[in-house]
Every structure is written in C-alpha cells, then in structure tokens.
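What follows is chain A paired twice: with chain B in the first complex and chain C in the second.
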Partner chain A sequence: MSRDTTYRPEASRASRPLLWIATLLAIVTMAPVAWLVGLSIKDNRELMLGTESVFRVPYTLINYINILYSSQAFGWFFNSMVVAIGQTLGVLVLSSLAGYAFARLEFPFRRTIFVIVLFGLAVPEQAVIIARHQMFNWFGLHNTHIGLILPGLSSAFGVFLMTQFFKAIPRDIDEAALLDNASQLRIFWKIMLPLTLPAQATLGIFTFLHAWNDYWWPLISATRKEMFTITIGIASSQQNFAQSEGLGFLSAQAVFASLPVLIVYMIFQRHIVTAVSGGAVK
Partner chain B sequence: MAESYRRSHWGHAVFVLPYLTIFALLLAFPLFWSVWLSLHKVDLFGPGRFVGLGNYARVLADPVFLQAFRNTVVFVALSVPTLVALGLFLALALNRTTRAASFLRGLFFSSSVLSVAIVTLIWRFVFIPGEGLMPLIFEQLGLQPINFLSTAGWSLFSVGVATVWWCIGLPMMLFLAALQQIPGDLYEAAALDNASPWRVLTRITLPSIARTVMLVTVIQIVMQFQLFGQAHLMTNGGPSGTSRPLVMYIYEVGFVRWDVGKGAAASELLFLIILCAAMVQYVVSTRKPEVAE
Partner chain C sequence: MSASIEITNVSKNYGTLTVLDDISLSIKPGEFVVFLGPSGCGKSTLLRMIAGLEDVTAGTISVGDQRVDTLPPGKRGVAMVFQSYALYPHMTVAQNMSFGLENIKVSKEEIQRRVHLAAETLEIAHLLDRKPQKLSGGQRQRVAIGRAIVKEPKAFLFDEPLSNLDAALRGRTRLELAQLHARLRSTMVFVTHDQVEAMTLADRIVVMHNRKIEQIGTPITIYRRPATRFVAGFVGSPAMNFIPVQNISQNGNGVAIDASGLGILNAELHLPTAFSPEGAALGIRAEDISVLPAGQSGIPLIVEVVERLGDRTLIYGRLSDGTKLTAEADGRAQVNAGDRLEIALDISAIHLFGADGVAHHAVGG
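Let's look at the complex of A and B:
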C-alpha cells in the first residue's frame, strides 16, 4: 500500500485546529532543549549570578572548547563508540546466522529451540542482572569493553527480526543455487545476506542506539571512571553538579554526548520511522 | 537433490550455535542462577544456605518494597494513559502528507533516541530551584516557586513529565501506522453521508484502531513498570522514598546494600508482573485484527 494515497487530505481539513495545537505542543516540547542549548553557550561565571542571563548576550563557545581539554569526556565518548559499534556488529553477525538457520534450514529440535529463544524476548534485564553481575565478577569482566558489550548480544530480538526477514525471501532463490551445488555457507554469504540489507540496517540502527543509551548495566559494570560510557559519565557528573563544573559546561557536555545519536537519527529518520511503525502493527 | 537442504541435518545447527552459546551463557543460565540466588541467603562472601522462600517473604514484608510497589503502580496509572492519549492526539493531528506534519512527527519522535542521562539532565535544568527554567517562569508570573524535585508528590510528577517527554514518540508512531491501515472507502462513505468530523472519529477512526490502542497500552505498561533511570537521576527516589520505583528498589538492595538474595527475589517478583503483562500483549497482538485488509 503506498503511503501517499492513504493520507486523506479531505478528512484532515477538519483537523486543522489539531495541527495548530500540535505545533504549540512542539514548541513546549522543544523549550527544555532550547534552554539546555542556551545554557551551554553561556559563560559559567555569568550563570552563577543568575540563569536568566541565558536570554541576554554575550554568548560563548568556551564550554565546548573546555570539552576538548577535558580528556575525560573524550575517553567516555570513545568507550561508548567501542561498546556501541562492538555490540552492533556482534548482534548483526549472531542474529543473521541464527535467523538464516531458523528460517530456512532444518535441524533437529529446530522448532523447540526457536520457541525457547522466543521466550527470551519476555525476560527483562532486571530478572537476570544480579546473576550476570556475579558471573562477570567470576571472570573479571567488569570494567572492560568486552564486559560492556557481551550482555547486549544475548537479546533475542535480533534473532526474531532476522528470522522473519529470511522467511520472507522466496524459496526458489536458494533452491536454484543448491542445484549449482553451492555450499550452504556460500548461499548464505553470497545470496541471502545481500537480500537482507534493509533488515540489517534496521537492526543495526536500533542496536547502536540502544547500546549508546544503555544505563543500568554500564552503571554497575563500569565502576572505574575511565571505563564509563558517555551516558554514565554524564549521569555521574550531574549527580553533584552544584559543586562541579557548572551548568554551562554540563549542558555543553550533554549536547556533545547527544550528537552521535542525533546524527544517526537525522540520517536514518525515514528508515527508523518505517521500522518502528511497520514492525509492530501489521 | 534440491530438497536436500530441507532435510534435517545436524550440520545446519552450526549456524545457530554462536547465538545459542551466548543465549545459554548470558540469558538462560543467569535466569536460573537468579532464581537459585533468590532461594538462598547470599552476601558479598558468596552463596550461603538455602532459605526457601525466605527472601520473598522478606521482600514482601519490607515497607520500602511496598512503598516502591505503590509508587510504581501510581506512576504507571498516570503516565500510561497520558502517553496513550497524547500519542493518539498527535497521530490524529499529524496524519497528513504536508511537510510541516512530517517535520513535527520527526521532532516528537526525536526525544526517544536520547539517553536517559541526557533526558534527566534537561529536565533537572528545567526544574532545579533557583536556576531552572520553571522557577524563572514562576517568578515572572509572580507565583511562589515549587521545589518540584524534592517535594513529596511533585517529585514523582516531575519524573512522569520527563518520561512522557522521552517516550511519546513510540505511541505516536504506532498510532500513525494504525491510522494508515484504515481503508479509505470508509471515509469516502462517511463524506457522502456528510458525517461530522466528531462522528467520523468516534464511529470510524477509533473503532478501527481499537486493537492498536490496547496494544500500545500494554506495551507502555510493560515499559513504564521498568522505570529506573529517570527516578534514579532526577530525584534519587526522594523525598523519603516517595518517588522510588520497583527497579530502583532492586538496584539498591542488590547493588548498594549487596543483599543479593533479597535483590534477586525482588527482581523475580518484578519479572512475574512483567510476564503477566507480556502475556496479555501476546494475546492482544495475535488476536484477529478487526479491520479487513
């Protein structure tokens, strides 16, 4: 169904006032963000005298320049990058392999195993986090990148998504390849995988965003300051912001930390919107 | 010959082996281990003796747990209807092809990609007494500023405001997708009958998306029951525990006071609650849609 034909302008004429209310809501929604950006371009000393100075000149980029000199924020940023990219690649590889087999190959107990994996979808992080924390302790994985990456790889969501996608590919494509005596791995790599690129993109974007924004696991696993992800770093610096770097610096740090996800969002907005709305309601 | 790959073959399982290993080690085993822990007296020095359901009894008798449970229920009862109603309103308002509508959709969804640490920072800077945006506005209006983050009642409310702001994108998108599925001829028929916009809304639009309303509600219940970061960072559960949610209780018992057995018991109780909601979600999502495709 094409998107454009299903929008109904004649039905929406009556809803014009709704659009105005929505616009008003958007302004209210954006006000806190504007406030944060405003704080980030003010000098800390001026803010100490009163934050209403946000509405007056002069503005400055000094807080952003200070981030460049604060090696800490960059270290956190680097950790987040390693964790988010590592987790994304891991999830893509594991989910593609498993999804392919679940959707298109036969092996003993396939159905049973798939149902067990699906049950994993219903297990929230909270139900396993205490045991995980102990296990990672046994193996000395806390305060390491690999320790931050691993838990995210166990999510059953990717496997479920990739299985659905592999199922949608017509059967005759790989049957033709099999007639040519191509190996199973070759079929997967050369024929199947390229066909699932849109799904890979969707899964990749969501995994990246999720890993970048994850809060609880890094909070308890990365306890050494130099192993913080940027999310945990921002969280830890806001807990005692009154006596620390000042509102302006913290705001600039928050803007800096949000840039990667906002850039990912802006580039892939159309993709994300389709994935969110198409995947859940069908 | 071409059928050979459909024949059951142990070799094919190699493809699922990497994920299954991770699944077994990081999900299945920890789940059983958590249950095991919840049945034992455990502290920093390692697993102790079997106490049966003792930890569960300790959790259920803990006034802090009961308070956290009540806070969570209140939070869910207030935030979920708000998210559903607001999401539905935005979807109805922005279900059009204009560039402005598309821009606003993108804008309302954009907050969901931010991390909880950023969201709470933004809202703390709005609410903090003296320096925040709210106190400034209150002052301009000549009102007595309220200390939103450290007044009982207001603190959970502030957490709720930040949460709705953060989470509104998903309900809106799900409702938009559902609105797109309504067959256009229903509206054409209504236009021929000169039906009023209100009638169209209540007789056609809402009944057609009733299933999605249910689905979004259950998804949000599951999500909001797991409230943690917002409360942890904005109010730290205060004042005197009035904004402490269940997950924060688990965090404090398990990772601050290191009462591992009790924390595990509390986390399994939460799992049970979420499992019930997830089951409802499954039933709702597999039920036949009422709109014929």
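Let's look at the complex of A and C:
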C-alpha cells in the first residue's frame, strides 16, 4: 500500500485560537439550520407545547408528507425553478455573447458602451425599482414568469466576468481558427465558448443561487399567490403564522425550498470554491 | 502543391507609426525562406500580413497567381504554425488537425486519411486521442505542424515555432523541419531571431532591420558577404569584429587601410572613389584571425577572457591601442587571460564598412 506523502501542516500553537474562533462561527452559522431541520421533523402539536421538544424523540416526516397534499409549496417551487433556470440560461447566453463582442470584436463606441454596462454594477436595484415596476405594469408583465425573469437578465457582473475571461484567451487561438477558415460564429461556438466553460459554470451557479434566493423583485411583481416564488410563498406563510399549519410544517417548507440550492452546491462545489477564491484554487 | 509568394511595395502603418516600409520580395515555389532580424524589426508583422492576420497599408501580396492581400486568412491557401502552437485546448489532437478541413467541407474519409498520413509522417499517430495539455512541448509542436500539413497549403508560415523548446529539442526539431521541407518541397516562410535556425534551414535568408529588408541572400552569402554593417554584426557568433579606420589610401590594385591597433593592412578591395575613411570600420570575423605559434611576430593581442567551447576557443582581448578584438583558436589551444599573443588576419576575409554602413568586401573573401 502506498504511503500518503502529501504535506499537511499541523495547526501551530499560534493558529489554534483562530481555529477555535472559526469553529465557533461555524456553530453560530449552522445552529439555525440544524434548528430548522429539527423543527421540520417534529409533530406540530408537540411544538405548540414548547420548541424545546425538538431535542426529544419521537421524530416524524408527517410535515414533509403534508407538503405533498396540503400546500402550495410545489407551485411556488415550480415558479422558482422556471425563474431560476430561465434567468440562468438567459444570463449565460447574453453575457457570453456580450463578453465575446467586448473582448474580441471591433465596433464603434465599444469602450464607451462597456463602461456604461459596468456602470450597471454601481446602480442599486432599489434605485430603479419604481420605474421598472411602472414599465412592467405598462407591458402587463407583472404576475408572469417572463416578468420575474426579465430584470435578472441584464447582468452587468456577467458581462464583465465573461469579457475578462474571453480577453484572457490568447489571440493566437482565434487567429489559428481564422486560418482554419472558420467563420466568426463558428469560432465563437466551437472554439471560444467551450474554453469559457469554467467561467460559465461560475456565472451559472451564482445566477441560479441569486435567482432562487431573490426576494425583492418577486415580492413586488408577483402579487397573485399562484405566481409566488418559493421565497415569497414561505414568507407569506410565516407572516400568517396564526392561521398556518404549524411551525413544523413551515420549517419543512423552508427545508424543501433549500433543497435545490443544496443540490447545486453539492454538484458544483468545486466550481464555487474556485469562483470564490478568484481562480487561486485549480 | 507549392506556390510562389510575391510581396510588392508592402508597407504597414499603425496610425503614424510605420512598422514596415516599402518591402518587396519574391519567394520561389518550394523555397525555404527565413525572415531574420532582431525583435521589433517587423519580421513577424510581415509574416502575419502574408497570413492575413494583419491588414496591408500599401502594396500587394500574391500567393501563386492569386492576389491575396484582400482575402480573409482562411481563403489564402496558407497554413501557419504559431510560436505558442495555438492548439485548441478542448479538442483532441485529431480534432485539432481536422478542424480546418471540416470548415471547408472535406469529406470525413478524406479528413481521416489526411490526419492519419500527417500523424504517421510526424510520428504522432499514438497521440491522436490526447488533448494538448497531455502533450510535451515537442509533441505540441508536431501537432501544430500536423494541423498545417493536413490542409495541404500552398505555403507554410512559421512564426518562431522553435523558441519555446529547450535547446536539445530545438536542434532535433530543426533537423526534422529540414527533412520535412525536403520531403514536401513546399514553400516555407520561417520567422526567427535565431541565426542558427536561419543558417541551417534557409535556402535564402531575408535579414530585416528597422522596418526594411537589409539583405536577401543564401546563408553563406549573408555570412561571408554581408551587405551592411548591421548584417555583418547580427549574423555570426561571436559577432564580427569592427575596428575603426583612421585612413585609407590607394595602393596599386588595392588599398592600404590604417586601422586602430592593427597597423596598415594592404588588401585587394575595390572602393568607390567617393569613399571616405571618416566613420569607416574594418570588419573581420573571429575565425579569420589566427593565433601565431610562439616565436612568430604579428599583431599583438593582450588576452582578457578565454571561452573554451570544446571544439574551439574564443579569445577576447585588446589590441595595443585598447581596441577590443575577438579571435578564435583550436579547442586545445593553451591560452589564458593575461597572455600576450601574436595574431594574424586573413586579409582576403576583411570587409570595409563606410559611415553609411554599406559593406565592401576584399577580393576572394
């Protein structure tokens, strides 16, 4: 059996306090999540008597079963899926095309337009919300999937990220493709786009997570209950706690709503780490 | 299939900056031509203009009978091997080689035939399913050449393709390129700043300097009869010795040259009547200077540094007036720093450069 010779530095005495602090922070962060999961597997009647029952058996999956039969959570879940996937695909397509154009094509006012796009990074959503609301009202886009997806497509961050990524690809590559008699579209599709897959993965993950967790715009645009996304749906249930089906059921809904995010994290964990570390981790 | 390349009065400007100025050059079908020059002389730009990767500001470029300077790169019938190889990282070797053929709708059977033939020729058949990052530098180089070969171009363009290889591999690849040219008999244009590559590969060398062509000639002509002081100094290692000239006078059929530290040398050399010794220099290569055996008298040289290269010894020293001079001796020569040597010059190998840099060669050199 081969010996693992990987060098793993032991925590030095000096770094031990940091380790303790990090552990404490992790507990503080994870405790509410554990609490939520605990509540979701407790009977609502037991929880009515006191939430400390979360530490005692018995546990049950009845709240999850109830989601199947007596909740609108599936509809909200579906809406969130449509919005998150729609926004992710849209952002990937638009940001890739725009990034390629800004990085590689020559056209009038290219730099000026790029600066204007970047300016979008500096404008908070709240500053344009009234104008956007009014505009969507004119076009009758409120309470529609399109209306929920559209605002998220103008991703200044996505355009910036893809532009920088395309710029980092050596020019020799597209020149070789030009000499290989490839058209501009074929170079983009067959050569450049596949080379940006790491950036696409990063952008896709962030866009999906942002769209899934978005609360602000769906709260304004989706006023009909059947058009709620999962975040708005759960929030509306919690606001109406007195008439709700109970704390355990609400918690189960919240856990249910978090599942896609967890799955995305688990599948693309490596890309997320790379994205967050700015490419320092290979 | 190989074609001629005709470059006629070509210039290239970037705004007000001129990088190539009125270049004209004829390359014969099947010829191996090397553009040689220091960084920034415009050699790569000229190659890229032939490829179509740079626009031509003025002049025309033809490949075969067809004027190509208005055509896109893929329509010019040329293939290029880049310094960085520029392989498509996400494609296998086979896909890299076939991509260009797919774009011009060559049949799958023909693509497969050409890819396998090129792979056999370049001994990379076992690498066809690998991606570039799994290849060594030398293997990537071969794939880049293979990608060019499968297109069966009218001319191959090489942009410093050996500069990323280590010394041993560079030497081997150089030899293989020469063999490939002998086998394909294709027109090849090769850009380098490495004079060894130029001397060993080229049928003709085009020496470029300061946006212009300094000299076009066979390697031996460029080496033995450089047209200008720049060419003389740039080609050859160690560089040619340049010794300032004090005076020149007619002496029968030749001239008597009074050069710093060398005394008066009588050489058979034809100079124009208007030739002025002011700013002139005498040029001689290190191998045309011999160290005289002990006891014989010649031109004294005080040795400062000795470089032993095995097969030969380079001797860096100073003449009696302090002028620097490099001489070459046998690899077994017993010479040490501080020695006082007596040297002799091969008069038939000297060159005289006027202040304008134009060379005049000794008869028989």
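The rule we apply is simple: the second predicted complex is superposed on the first by the 260 of 282 C-alpha atoms of A that agree within 3 Å, B and C clash if a C-alpha of one lies under 4 Å from a C-alpha of the other, contacts with A are read in each partner's own complex, and residues count from 1 in each chain.
By definition in this document, contacts are C-beta pairs under 8 Å (C-beta built on N, C-alpha and C of every residue); 3 or more make two chains touch, one makes a residue touch a chain.
Keep in mind it's a predicted model, so treat the numbers as computed, not measured.
Q: Output check: A:Ala182 vs chain B and chain C. Expected answer is one of first, second, both, neither. What do you get?
A: In the superposed model, A:Ala182 contacts chain C only, not chain B.
Q: Is A:Trp212 contacted by the first partner chain B, the second partner chain C, both or neither?
A: A:Trp212 sits against chain B, while chain C stays out of touch.
Q: Now for A:Thr112: first (chain B), second (chain C), both, or neither, which partner does it touch?
A: Touch partners of A:Thr112: none, neither chain B nor chain C.
Q: Have a look at where A:Pro194 lands relative to chain B and chain C in the superposition and call it first, second, both or neither.
A: In the superposition, A:Pro194 touches chain C alone.
Q: More residues of chain A are touched by which partner: chain B or chain C?
A: Ranking chain B and chain C by residues of chain A touched puts B first.
Q: Going by the contact rule set out at the top, does A:Pro170 touch chain B (first), chain C (second), both, or neither?
A: second
Q: I'd like to check the shared interface: which positions of chain A are touched by both chain B and chain C across the two complexes?
A: Comparing the two interfaces on chain A, one with chain B and one with chain C, the shared residues are 175, 178-179.
Q: Going by the contact rule at the top, pick out the chain A residues touching chain B in the complex.
A: 1, 3-12, 14-15, 18-19, 21-23, 25-26, 29-33, 35-36, 39, 47, 50-52, 93-95, 97-98, 100-102, 104-108, 110, 113, 116-117, 120, 122-124, 126-135, 150-151, 153-154, 156, 159, 174-175, 178-179, 184, 188, 209, 212-216, 220, 231-232, 234-235, 238-239, 247, 250-251, 254, 257-258, 261-262, 264-265, 269, 272-273, 276-278, 280-281
Q: What part of chain B is in contact with chain A in the complex they form?
A: Answer in residue numbers: 1-2, 4-13, 15-16, 18-20, 22-23, 25-31, 33-34, 37, 89-90, 92-97, 100-101, 104-111, 113-118, 120-126, 131-133, 136, 165, 169-170, 173-174, 176-178, 180-181, 184, 187, 191, 197, 200, 212, 215, 219, 226, 228-229, 233, 247, 250-251, 254-255, 260, 263-264, 267-268, 270-271, 274-275, 278.
Q: Which bits of chain A are touching chain C when the two form their complex?
A: Touch list, chain A to chain C: 170, 172-173, 175-183, 186, 190-191, 194-195, 197.
Q: Under the stated contact criterion, what part of chain C meets chain A in this complex?
A: 51-53, 72-75, 78-80, 82-84, 86-90, 99-100, 103-104, 147, 151
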